[in-house]
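The structures come next, written out as structure tokens.
There are two complexes below, and they share chain A, which is joined by chain B in the first and by chain C in the second.
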Partner chain A sequence: MIPYATKPESNVSRFLHRRLYLVLLAPALLILGFVNVWPIVWSLYLSLTNRNLLNPMFVNFTGLKNYFEALKDPLFWLAAKQSLIYTVSVVALQFLIGLTLALALNRKLPGRGAFRALVLIPWVIPSAIAALSWIWMLDGLVGVVNDVLHKLGLISKFIPFLSQPHTAMLSVILVTVWKGFPFMAVMLLAALQTVSQDIYEAAEVDGASSIGRFFFITLPSIRHTVYITIILALVWTFNFMDAIWIMTKGGPIHSTEILVTYTYKMAFQSFEFGYSSALSVIILIMLAVFAYLYLRTFEREELE
Partner chain B sequence: MLLSLSRTSSRRLGDIATYLILITAIIVIAFPFYWMLRSSLIPSNRLLKMPIEYFPTKISVESYVYLITRVPFMRWFLNTIIVAGSTTLITVVVGSLAGYSLARFKFKYKRLLLLGILACNMMPRVVLAIPFFDFLNRLSLVNTYPGLILAYISFSLPFCIWMLDGYFKSIPEDLENSAMIDGCTRVQALRKIIMPLAIPGVLATGTYAFILSWAEFMVAMALTTSEEMRTLPVGLAGFIGQYSAEWGLIMAGGVLGVIPVLIVFALLQKYLVEGLTKGAIK
Partner chain C sequence: MILKKSAGIKVGVWLLAVFLVMTLSSFVATAKEKITFVQFGPTPERRAGIEKAVARFEELYPDIEVVIRNEPWSAGSSILTAAITGNAPDGVINIGGWMGSWAASGVLEPLDEYIAKWDDADQIWDVYWPSSNYFGKQWGLPAYYNTMVMFWNKDHFQDIGLDPEKAPTDYVQFREYAIKLTRDVNGDGINDHWGFGPAGKRWDIPTFFWMMWDKEADYVKNVNGKLQPGFLSEKVYEGMEWYVNLYRKDHVIPDSAISQDFTDIRTAFVGGKLSMTMYYNFNVPYFNSIEDFNYGYGAMFKGKERAYTWAGPYHVIMFKASKHKEAAWEFMKFMSAGEGADIMSEATFFLPFDKRLLDARKDRPELQPFFESMPFSYPQPMGPEVGNSDTAWPPYYQQALLGQISAKEAVQGVGKEIQKQIDKIYANR
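Let's turn to the complex of A and B:
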């Protein structure tokens, strides 16, 4: 305990000071309890019922029926598979592009500061506006992407990107990568800048090639940041609904349906609040696994 | 045969490659914005005609006029300012207090609490939207400002706490400790010493919290049922109908919807980058 000069205080004041940590936390705890914890508990309850908003009076407790339904639901499994494809593809691309950009920005070249600021712009743009802009650019009849590809001789006919199953998934992946790679780039750049030059110089003196230096010095030095940023990106992308919803709504024919869009449809189009709550709980369990991995990293790093 | 490059020429090659990468990046990043602007300024009857005009020959602000006068766009703008502004204010204040507490004090269950906050940060919007709709519905708070703000707080507050905790941790404890040895209570030390130092972090957090709330789409869509209560992203997305889309309007709306965020970002981006990286790199 830090000794400090005591001034005459009231008992209440002293009580509050002793428990200052709690006083400061109290508003946050109360609010979080109400807007985060309570909804989850409510969701758990709903998942055990067959509550449908179209028939709000006929609510029955159905136990784990919703969960069994989900496991038998082919759309659920399709959405799960596509969630995986979407999430992993997006993050892999974001990482590769982000790393390339970070390495480029790490070099001491004039104008670097301006580039670094500009690069973040897709990340701060509302995702809805970005998605809308890209729908227009990817339009199958008058879209500029088609026009450019055609003028470059890469395609002979315009492609209706968002109306065909395979190109639809590629398109939503593209837009999500566009939106998110700046975050990767900035994080990785910050990590690269903490690596001291001495190690590089020593390695160069010892005859290491630039590729060797990259794989054996650069990557290992930033691995902590890489791990964190990738986990964050995986979770964020897994939860990210805006692009897909605005661009394809999970179509055409469920080809871009992911878990969160499917859950949303069940709740707000079919009004199956019971079933969609069960889906929510399943999603939370999946995310809990991710969270566990995340904390494991921190623990490991703390020990080192 | 190995082509051995001298150090300077390999460096120059690296510089060229670097500039190529950066220029490509800028084009990829900036082009959608240029296209949005250009599409908003082309007369709407020219918009859907081929060949595509890369540089508009005739500029018309008819989309903007229509947007502001015939569509509740300004109302959407106002809604978004109110909801995003209120949410940011509340979550930054509450989050600062909580973040400071988590950064400085050790107490029982602290690890559990940090875990909980992390969990809140990883929550998908839809998972919260469903129960939120259910009980907001029972309280008749769907499609109202308080309802929306409450829902927005659910994702904004955990984020603010997380960021501010990281930020306060980066301010050395010795500053408060020496002040307290000199006779201040912790609260006074907080006010006189920590608060001025915390301003960059608070600004960074507030900036991103605002940007986050401004952009929010799914929760706003789920919890608004009338056209006038929509937020900007939801309103704009609504222009895409089943068979056609008013692209001139959408692009004009996009331009106007992006300007506030860009302004906030331009003013505060220095703090934002600093705050982001401090939190993750340690």
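Let's turn to the complex of A and C:
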């Protein structure tokens, strides 16, 4: 039997054979590039101009002037500081509440299934509806929160939570925590369920206390999920303007102003597209640097 | 085979014929010129009004089809962005305070040449024209106007022995009433009624007190060819101080009002928490719909030098990118002075700017407060210089109310914001 001779492979078919994955990924990459990369590139360009919609005919290249303006802008620094306070407070509280709930829901309790469903309610309510509801609940004249606190004897007069600078930020933090803790709870619960019960039993036999089991078994076992969940929550919360925009619009007196609300105002209320683009590039750099350092730390720990 | 082939050809010919008929008929159906106008803030009354107005317009102009896009107020920046990129509708039937900013952005069609040929232009109440004139051109026609009036709770007035049919007529009386009306009704140590509830988050309310204290004040003035804030006077500072003291010394304004918008204040008023407030006339149908809500409305009280309110226009505008300018212009005229204006006014409680229509309404009892307000109704500032007033001005008022800065510093702060905008907008014009 004469083995039949195969036709020599052409360059094109050799390329396709070895790099078929690139060809198949190309359409998706092109769309992603257009939708994600192009706006970033355009924002970078705008940030180097004085583009202002109130004077659209007079656009000049200004180099890094917008960035220097941001560094000299007291509102930028206030918004940056408040962004950090808002983000760290929200994520920390979401993590603590989420972890507590996850630990509780991981136990064999009656009605556990129903509780797991109930926990999701804040997360599934649209942000706008949640924020609007909380505006009324926290209202200083007719709010149910004030009514309950007053009836319990905890306050002697109604507190205008959203009208005072020192209570407004606390209020939006609590609303954001309420909105987001189910995500933490669900992610951590899923991680807890992968931890083998045998380890706990062995530890109990060896005399480990419940606190010891938590710190030396539970937390190390779920640390990958914790790292990823926290970094996602930090990035999302830093960019989350729904609650603040609907409830206070950054007020009163900029006491709840964060970088994203300030950037939005500069773009769509002051029409300063050049300056607001610079602010958004600064936000991008801040988050990119943070994510890089965070993941480097995580990877280093893994290697160790 | 031949039989099948000829049957196939017949089917093919029939299909082609059906396709051609459908294509031609759709072409005929779209022979009407189609124009699209946006309506912001589509309350049920505005929707009902515009549907009726459009139906009537299409009867009068059978070759024009009008499509109304109802959008929330928050869609303003999206519409502007669309206009800048050339994707705008033909126009807007009720743009408000953005008029000047949109004109500055270059997206609006100047209307001077159209207005010059318009027979009904002289039927428009004169107070309108300055509010749509920027950079030496006219950018809009009046859709309708709304004016700020006093609203009060008649039951509260009656409870403390005040005449429930009469609002305070001057600032002295207003303050006396507000102090008397602020009270703890059920003895639990918390005020249940507050004498006055302004929308503290708004940019406009405190400025009314400035204008009432200084009859020469205006938002922007042209001094020797240079635009500048027109309210930096000792009298205006005094007016602002008086307003701030309503909160800080007289305690007739609730704490929550500092950061509340009109809708919050409206709810507090309807809920019986506020005895008096300032609000726009278009809310009358809403208040009328609340069962057992005994309220009154009347012209604004007189300040130290004058009573003051706005003839706050909503404008009909056309985008420069419109491809149906003549048809759009016909619709704009219809909505501004004529049947369209009449229909919208009846549906919404807004008043028209058409003098003939105003004259036809002047004896209606429910509209008397607005006619009484006309002698001291001034154009609402809508220039690009006040374009960022929503965000830039309220923090100054709030700081003054909370005692962080003085009333004078608050007024001067707003003046700086206006000057900043003026310098930015007119730098290259």
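Simple rule for what comes next: the second predicted complex is superposed on the first by the 269 of 304 C-alpha atoms of A that agree within 3 Å, B and C clash if a C-alpha of one lies under 4 Å from a C-alpha of the other, contacts with A are read in each partner's own complex, and residues count from 1 in each chain.
In the analysis below, a contact is a pair of C-beta atoms (placed from the backbone, for glycine too) under 8 Å apart; a residue touches a chain by one contact, two chains touch by 3 or more.
Remember, it's a predicted structure, so these values are computed and weren't measured experimentally.
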Inquiry  = Both complexes share chain A, so when I overlay them there, do chain B and chain C fit or clash?
reply    = clash
Query = Looking at the overlay, what does A:208 touch: chain B (first), chain C (second), both, or neither?
reply = neither
Touching partner for A:252 - first (chain B), second (chain C), both, neither = second
Key: Contacts of A:127 with chain B and chain C, given as first, second, both or neither   = first
Request  = For A:286, select first, second, both or neither according to whether it touches chain B, chain C, the two together, or no partner.
outcome  = neither
Query = Touching A:230, do we find chain B (first), chain C (second), both, or neither?
reply = neither
Request  = Could you say whether A:156 touches chain B, chain C, both of them, or neither, answering first, second, both or neither?
outcome  = second
Inquiry  = In the overlaid three-chain picture, which partner chain does A:117 touch, first (chain B) or second (chain C), both, or neither?
reply    = first
Ask   = With the two structures laid over each other on chain A, which partner does A:217 touch: chain B (first), chain C (second), both, or neither?
value = neither
Inquiry  = Applying the document's definition of touching, compare chain B and chain C: which contacts more of chain A?
reply    = B
Request  = Mind working out whether A:195 is in touch with chain B, chain C, both or neither, as first, second, both or neither?
outcome  = neither
Request  = State the stretch of chain B that overlaps chain C in the combined model; pick it from 134-142, 152-160, 170-178 or 188-196.
outcome  = 134-142
Ask   = Hey, what residues of chain A end up touching chain B and chain C alike?
value = 135, 141-142, 268
Note = Seen from chain A, its contact residues with chain B in the complex are 2-5, 7, 17, 20-22, 24-25, 27-29, 31-32, 34-36, 38-40, 42-43, 46, 51, 100-101, 104-105, 107, 109, 115-122, 124-137, 141-142, 144, 147, 178, 182, 186-187, 190-191, 194, 210, 225, 228-229, 235, 238-239, 241-242, 245-246, 260, 263-264, 267-268, 273, 276-277, 280, 283-284, 287-288, 290-291, 294-295
Remark   = The chain C residues in contact with chain A across the complex are 77, 80, 84, 101, 104-106, 188-190, 194, 200-201, 254-260, 264, 267-268, 271, 273, 384, 387-388, 390-392, 394-395, 398-399, 402, 404, 421, 424-425, 427-429
Key: Footprint of chain A on chain B - complex, ascending   = 10, 14-15, 17-19, 21-22, 25-26, 28-30, 32-33, 35-36, 39, 47-52, 54, 94-95, 97-98, 100-102, 104-105, 107, 113, 115-120, 122-135, 150-151, 153-154, 157-158, 161, 177, 180-181, 183-187, 211, 214-215, 217-218, 222, 232-234, 236-237, 240, 245, 247, 250-251, 254, 257-258, 261-262, 265, 269, 272-273, 276-277, 280-281
Note = In their shared complex, chain C is touched by residues of chain A numbered 52-58, 135, 139-142, 150, 156-160, 162-165, 168, 248-254, 265, 268-271
